[in-house]
Amino acid sequence: MNSICEQPAMLNSDDWQDMEPLLSVQNLSKFYAPGKGCGNVSFDLYPGEVLGIVGESGSGKSTLLNSLSARLVPDEGHVIYRSEQFGELDLYQGEESLRRQLMRSEWGIVHQHPRDGLRMNVSAGANIGERLMAVGERHYSEIRQRAIEWLQAVEIDASRIDDRPSQFSGGMQQRLQIARNLVTHPRLIFMDEPTGGLDVSVQARLLDLLRNLVAQLGLSVIIVTHDLAVARLLAHRLMVMRRGEVVETGLTDQVLDDPQHPYTQLLVSSILQN
Amino acid sequence: MTTMIDVRGVEKSFTLHNQGGASFSVLERAQLQVASAECVVLHGQSGAGKSTLLKALYANYAVDGGSIELRDGKQMVDITTALPRRILALRERTVGYVSQFLRVIPRVPTLEVVMQPLLDLGVERAVCQAKAEDLLSRLNVPQRLWSLSPSTFSGGEQQRVNIARGFIVDYPILLLDEPTASLDASNRKVVVQLINEAKARGAAIVGIFHDEDVREAVADRLVDIRAL
Amino acid sequence: MSTPQMTQVEGYNFAYLDEQTKRMIRRAILKAVAIPGYQVPFGGREMPLPHGWGTGGMQVTASVIGTDDRLKVIDQGADDTTNAVSIRRFFAKTAGVETTEKTADATLIQTRHRVPERPLQNGQILIYQVPVPEPLRFIEARDSETRKMHALREYGAMQVKLYEDVARFGHIATSYDYPVMVNGRYMMTPSPIPKFDNPKLNGMPALQLFGAGFEKRIYAVPPYTEVQSLDFDDYPFEVQQWEESCAICGSDHSFLDEVITDDAGSRMFVCSDTDYCRERAQSNREQAQENEQ
């Protein structure tokens, strides 16, 4: 099936010439054991760009994602982030407080399992409102209004605002997690297999939603997935990882339709055609 | 005449690493220049590399050597070396690709599918919608289907939706990969009209067509792919 | 109504704890005073009482008490409950100090669940018994994480609790153990006192020490320190109010307990602070006598 006409929309692509990268990764390495982790990764991520990291389980994708998102100190290398509030930052040279501050304001993290990214024992409204309160919002009605808007944006009925996530289906929980992240208008979102635990029918809806939100809000996204269909639908650019190393990078449709590296060819040819 | 596409010395071979490393060369020192308001039809036997060249022009396939320059305003951009986001920017407003296959996005209504590329350029919604409706009507997609997702449509209907989507933006460069295959005569005629209109507004067009009547109706030049 | 000084029982060090331990606890207290609201870990000792009966407060009291101190112990505002009586007797026996039920006469007040109604003075020390010292515990189970949240002043999550209250009840329903911000820096639980008492913590002239025996933490609010209760701009902090007045002293401004008086469900409201109530009742009687004369 030829599908190259369908590329994810890129906001801001007009300004491609003058733009500085949002995130610059230089020779990043983190190994738990030889071959376990990720080594010598470098790339730039520009505003509005969606980068997919693909590869099979254990290829180092999640280790890389955690190192990029300031949750796992790398052995070597630099992650330079251009922050709205703090200017250019070398993440692991700065204070931890700064990284945590970024995590709840300019960044969002969408976990594979909603329970890792949600507070299961407080209401949906509080889950969304928490980040607002964390950045200093102290007006209850305002917080609640924003929570309602975001519930609607992720297609959850506003009447569910006082229900706990444990009363939600898996797909709703995942959408709630996305709303919780987006409420502070982050610029950079890290996603780890966001559709991983969902039924196929639910996946499609989530993907469509993500795709629209990313384009509307002009988000930069780094998404880890082993599902090449997800990568094709969301990512502008792909990085293929194997045994902790990047074996191929490029435009998403180019990597998937004309893979160069033996491993990428194997990955692509392993997909069932329909 | 302004040169819109300039292909020089392009080499492309495929190596199948998982099938014993078999390697075969498809393009060797390929050359092609296309001017604005010109429609070039690629010709040659099946497997000669027509589709490979067309895909390379869209940077969907990577090439091993040579250069492929596309005009973006006053500039020529070599897409064999350009950054991914530069290519994505080109695809948004400069170069369009129409195939016979529609990649269906679940849940999105037909009208939205067709409008999307123009909306992405920041064009006013009403303008996009009017243009999309016009294209769908001309391509005989019944109005009652417009609000439905094309995922449940027949192959022919999906194909026409995809053509409407491909022509919604007035791209200066259009790449057409057998868009008329398996269309009936009346719809083939509509596509021919669309191509000629694009040519009339100055688009440079490269296409692959199996129907002889379409070829004759649109081609300014036939280029034999083996002779490139 | 101060009781005469008892003689200290034989065989125990002054105030039960050995001097080494007291020095260790005093160091923790000094650190706590220096960093208002910050929870200082200390090497808690076993006390001859089960946890939950005020062992944290007792260790603090034992470490700061001297021979010339006068000790008052209250539980739910009352001096005559089992817990209050046994702790008072414990120090009377092991330290031989004078004890009192009068707030005004006490130099040290160990308390559980209340702050006395009578304003405390500079020079007095109020020692709270604390069951759970970590205000962030309900939202974050990991100790390493709550410590980090305090260090980095990440208190947004704390507001979640109040949000849930308003969402569920239409107002901030938390009425005990209402979280406060100390000196604009550390989030602190005031121990399970009613939020009625929260305003008394703010700028209090007396030193406030908090001891948690089970979790082995000490924290403090030095005299005249700002203590602010959390709230929302559109749902400001409010204290409880009663339509009734105290059935004994007639007070319309103190924290009242509801008392069921018979099997028919008759009830009355009385001051929870027994010393305050008695003092007022007495002055009411004197007033009445004066008026008669």
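Quick notes on this structure:
Think of it as A, B and C in the order they're written, each chain with its own count starting at 1.
Heads up, the rule we're going with is that a residue touches a chain if its C-beta (ideal position, glycine included) is under 8 Å from a C-beta of that chain, and two chains touch if they have at least 3 such contacts.
The structure presented is a predicted model; accordingly, all values stated were derived computationally and were not measured.
Following the contact convention of this document, no chain is adjacent to both chain A and chain C.
Chains A-B form the pair joined by the most contacting C-beta pairs.
Centre-to-centre separation of chain A and chain C, using mean CA positions: 48 Å. Computed from the mean C-alpha positions, the centre of chain B lies at a distance of 77 Å from the centre of chain C. Remark: chain A and chain B have CA centroids separated by 31 Å (rounded to whole angstrom).
Here chain A touches chain B in the complex through residues 1-7, 9-10, 13-14, 16, 46, 49, 204-205, 207-208, 211, 215, 233, 236-237, 250-251, 253-254, 257-258, 260-262, 265-266, 269, going by the rule given at the top. By the touch rule above, chain A contacts chain C in their complex via residues 96-97, 100-101, 104, 119, 122-123, 125-126, 129-136, 138-141, 143-144, 161-162. Residues 15-18, 55, 58-62, 83-89, 91-92, 97-99, 101-103, 105-108, 116, 120, 162, 165-166, 177 of chain B are the ones touching chain A in the complex. Those residues of chain C that touch chain A in the shared complex are 139, 148, 151-152, 154, 156-157, 159-160, 163-164, 166-168, 231-235.
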